[in-house]
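Which chain is which? They are A, B, C and D, in the order written, and residues in each are numbered from 1.
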Amino acid sequence: MTQDLSFWTLQTLNALQLSMLLFLLSIGLTVIFGLMHFVNLAHGALYALGAYIAASIAGTAGFWVAILAAPIGVALVGVVLYGGLIQRMRKSGPMAQVLVTFGLIFALLDLTRILWGDLALAIATPAALSGQVELLGVSYPAYRLFIILLGAAIFGALALVLARTQIGAMIRAGVDNDAMAACLGINVERLFFVVFCVGCALAGLAGAVAAPLLSVTPGMGLQILIPTLIVIVIGGLGSLKGAIAGSLIYGFVQTFGAVLAPQLASVLIYALLAAVLVIKPVGLFPAKG
Amino acid sequence: MLETRSLTKSFGAVHVTRSVSLKLERGERRVILGPNGAGKTTLFNLLVGELTPDGGSVHLAGEDVTALSVPRRARRGLSRSYQKNTLFDGLTVEENLALAAAVPTGHATRLWSDSLRQPEIRDTVAEVAEQVNLMPHLHAKVSEISYGVRRQLEVGVALATRPLVLLMDEPTSGVGPEMSKGFHDLLNNLPRDLTLLIIEHDMDLAFAVADTITVLNYGEVVFDGLPEEARGSKLLKDIYLGSWEDA
Amino acid sequence: MKRANLATLAAATTLALPAAALADEVDIGVLLPFSGVYAALGNEIEAGFALGLETYGNDLDVEIILHREDTEVTPATGLARTRKLILQDDVDAIVGVVSSGVLGAVRDMVDGAGVPLIVANAGNDAATGAECSPWITRVSFSNSQVNRPMGRWMAEQGIETVYTLAPDYAAGRQMIEGFTGAFTEAGGTIIGSDYTPFQQTQDFGPYIAQAQASGADALFVFYAGGEAISFVNQYASFGAAEDLPLYGSGFLTSQLYVDAQGASAEGVVTALHYVPTIDNPENASFVAAFREAMGRVPSEYAVQGYDAARALVEALETGARDRETLGAALRQVSFDGPRGALSIDPATNNVVQPIYVYETVQGANGMTQTVLAQLPAEADPVNGCVMPSLPTN
Amino acid sequence: MFRHTPLRYAVLAILAIAALMQAFTAGYFGLEILIEILILCLLVLALDLVAGFGGMVSLCHGALMGVGAYAFVALNVLADLDPWLAALGAVAITAAAAWIIGAICARSHGIYFIMATLAFGQMAYSYVFESPLFGGDDGMGGIDRFDLSAIGLDLNDSRSFALFCLAVLAAAYLFATAILRSGLGRSLAGVMHNEKRMKALGLNTWRIKADVFGLSGIIAGVAGVLAAQHIMFISPGLMNWTVSGEALVVVILGGLGTLVGPLVGAAAFVVMKHELGEVTTYWHLVVGVILIAVVMSRANGIFGWVEARWGDRIERRLTDATRSPAQKEVSTDA
């Protein structure tokens, strides 16, 4: 088999692409956890919802409208969820939160089935991104490159917001010590609300972006949930650094595992997760020591 | 009985314990004084193994225990109470004591017998409850007893393992003067062969119970001697008035 | 609504469940997944089955009482529901079964209890091979049956080397093995093969890149359902069609999913026992009737349900009314249906049917299929099946 | 710390009577549902032991049950061992697997513990899914039930099998209470309430956790053996994390850390699933909404709610009436 340099370049890009898709999903989940100590298992269901919203809109209004509408739509659902459930569950223990969001998974799964049916949907790749791009000596799908760039851009933007802006400073303070943040006069409730909605919007965006690449099925939220959780647990909860590190580790292990050890492909990532937790029981880069 | 040699610990650039060397004889009662942030609790954490030192060693009954885990040191006779109550909140006072008493006897890990029903454990529980004045509260849950009683239980739980050395982290922290006096009696009730290391803020209590006094400041031993010597010491006053700037 | 009319039918009939079965009634179990990942297939088969009963069953002098059971996805649930059908509802025959796992699970039960089972999808080779049963009649397909002729056909087209991909589960392996056997026998070479973790693979990119790097003449894959859509879309995005044309088992570009795949599926050549564009009068009327009822073009799953209904009706028309007589009659059905001439192989109880090689192309209303070749019907090899005769008179 | 209140005894008695009545009066499908409930009861009992009494929220108990089922089939069908020996071996293998998982995960807490157990469960799932030895995703059949003809029971009869499962469940319940009332169980309560203090008292807390996890694995293994014998067929679906997730839902719905509550939850869940399944294929929606409502109500599940409302009152009335020292283990004399 001719596995020259361009082959490995191609696989590296594939790994990056998968990493960025997971990053879009995991960053919302991990920051919500870091700030609110809230494990939102329904995050995957919100991703599926984003994909369905995008698939419904893309047919008539086109991909670019869909990719804007999906995050907004999911953020609106997030507003409803926050007001109806999350806010009331904030003081409850983690078990209760896990279960409420587990119930949400069940409910949202069947709601998507009722609204959109069991048949798989999809979105066509937008014309502008349907070809391939010559890059580093390989011909790579433009849409995949778009995902990589989008993920990197969002990572950059979030890093900037966290490091340089006032709201970023508030989030950092809140993750560090929420009691102290409240003492500093930060409106914690409003901060939580904003972060939760942004997290939901990112999940919706991830769903919309994934739709042309994958297929839109009722089970997609459940399928992506476990990889997302693995990402944030390997990376360590609550930190941007953890989310990006976990995503990259997952993407590269999955991609190169598939190429180099296909028999182990499905077990490899779980073994890695177990290994990380044995060595560092709180992940690689947790927000709090 | 308990000895440290050049114990050192720092968090990043902050040196919280600087080459601390202490030596406690069997039955000695030593009080550690020092302002907030002097590294007293850190010293305790190093002694019991909840923190690993950057340098130096801890010796218990002549044996180097620096490399041993928290439970192993505890099983060799080192017990501690915490400044912040660290109790089994959902359980009763009796259960709290019994859980502790069951550890050294081996009943705590046994599947074929109930530790709570063992006569020897019940005896220990009764004895300790007597020592720390918990008899009236035995069947109350931790959530049902007052803060002061919880402080007594905090010591009682540590005592119930029948330690050789007991480390008490501010046993009177947060209790009123009345309770504080009660602790004096409590300490007097303890067997004389038990080695005690006590962190204490209440000067009167400290001088009343101490055989020896150690003063820590900025993680360093600045005084080590008899209470009489410490009492008049300008050093001690300076530290507590906060004018000690050296080091 | 398809579900509505069949559900009311089912509800009305099950409510009328008699204490003792009368001679002019037969109880038929419908054993399909209505929830879980295969729900779409279950619904499609049920729609075809309902249409088949409507089309062929009106003149019967016997009332068909349906007992609808959801197998979900798990063999355990499937078996539990089958037991219920047999032991409590006392059905005379069962129709359905989508996943091979469920078929494997219920096999001993229906065989032991002597209840005829018309398999309307599950393609596990062993079910009509080493584990065959006189009580199990398959009107759908077997995994190797669909792919074997394709192996030969591709070799005939001058394709010398092939790379294969399929999900890592039993059906995936059988599909690929069926193809590989015939292709290598005809002189072709498999130069690489990967099995991707089933339903856990988000990104097929690494595998596609691997196949591209192998330098094979063609890529042969089996994927179904959501994975088929993902795979075809991702394959198209790599623009590999020129160097590495995509062939596959026809489920890859099933009518059920081809609209979701859209232009990505264009030019993909696959083989299957049914495509909606087969040119014969039975198919024309079937497609028209299905369109009328459902508002869309039927898939192979629908035709499997449709033909299962027809096989049942034909067996009932012989006068068969109970488990024994139905079981015997079902093995002898043969008819010209939308798929062409269909018969049951007495050696294995598997369907014998032609296989169609087709290319997915742009049509006036979305994607459609052009049949490139009709490969002659052939019976599966016996594969260790020892068919005992039914205890009939 | 675990103890039986009069309310708990009463609910246990009601459950036992209901199960016996169902076992002797139900038709075929009623018996199937009963068996399904009894096996789920075993699983949630095992889960409540670690989650409710040790704070170890496990997402691998479904997989452990699967290990029991697969090990049983491996020993019984593949190695051709006597079913009783095979069952014994399977339970031992499950317990060992559980002990190892418990020992490895003992250092993790909260969501990390959940994820670590999930990882082990999914590893097992992926392995059997792709393993040709166990039939891959198609699963395996040809499993025999125990031969109890010596005492005049034919377990192939659903009624006998249901009664057998009920007897096993009763034994498992006694086993679980014995664990909780042992020194080990008491220490587990200590670990759950304050692990740091237990360590400071000289206890190897990871050992306590691992031991209890392993003991819980025994019950999960028994559940697996019975599940394999009930369906007489096994498939990887048994090991999927959603099985563990559902078991967790049942434990919470019933009442975490009450031992009795999860049994109530199991019965409610299975009956609800079947009743709803008759009406709609969207039964997940209804279950989801009920789950949200129960958790939002802030009660500790169905049983926890009953207990909080009436538990004390009933107990007081009973103790007043009888003047007996009741069933307080700790607080009798001393």
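Heads up, the rule we're going with is that a contact is a pair of C-beta atoms (placed from the backbone, for glycine too) under 8 Å apart; a residue touches a chain by one contact, two chains touch by 3 or more.
Every value quoted in this text rests on a predicted model; they were computed, and no experiment measured them.
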Between C-D and A-D, name the chain pair that shares the greater number of C-beta pairs in contact. A-D
Centre to centre, by mean C-alpha position, how many angstrom separate subunit B and subunit C? 74
Please report how many Å separate the Cα centroid of subunit C from that of subunit D, as a whole number. 39
Nearest whole angstrom, what separates the Cα centre of subunit A from the Cα centre of subunit B? 48
As a quick test, compute the distance in whole Å between the mean CA positions of subunit A and subunit D. 33
Mark out which residues of subunit C touch at least two other chains, giving numbers and ranges. 39, 168, 197, 200
Which residues belonging to subunit A are in contact with no fewer than two other chains? 113, 266
Pairwise chain contacts, counting only pairs that touch as defined: A-C, A-D, B-D, C-D
How about subunit C: which of its residues touch subunit D in the complex? 34-35, 39, 70, 73-76, 79-80, 83-84, 87-88, 100-101, 104-105, 107-108, 124, 168-170, 173, 197-198, 200
Subunit D - residues contacting subunit B, complex: 1, 178-179, 181-184, 186-187, 189-190, 193-194, 196-205, 207-208, 211, 215, 329-331, 334
Along subunit B, where are the residues that touch subunit D in the complex? 48, 50, 69-75, 79-80, 82, 86-92, 94-95, 98-100, 102-104, 107-117, 122, 125-126, 138-139, 157-158, 161
Help me check something: in the complex, which residues belonging to subunit D touch subunit A? 57, 104-105, 107-112, 114-116, 118-120, 122-123, 126-127, 129-130, 241-242, 245, 248-249, 252, 256, 282-285, 287-292, 295-296, 298
Over in the complex, which subunit A residues touch subunit C? Could you list them? 1-3, 7, 10-11, 14-15, 17-18, 21, 113, 117-122, 124-125, 130-132, 139, 141, 143-144, 210, 212-220, 223-224, 227, 254-256, 258-259, 262, 265-266
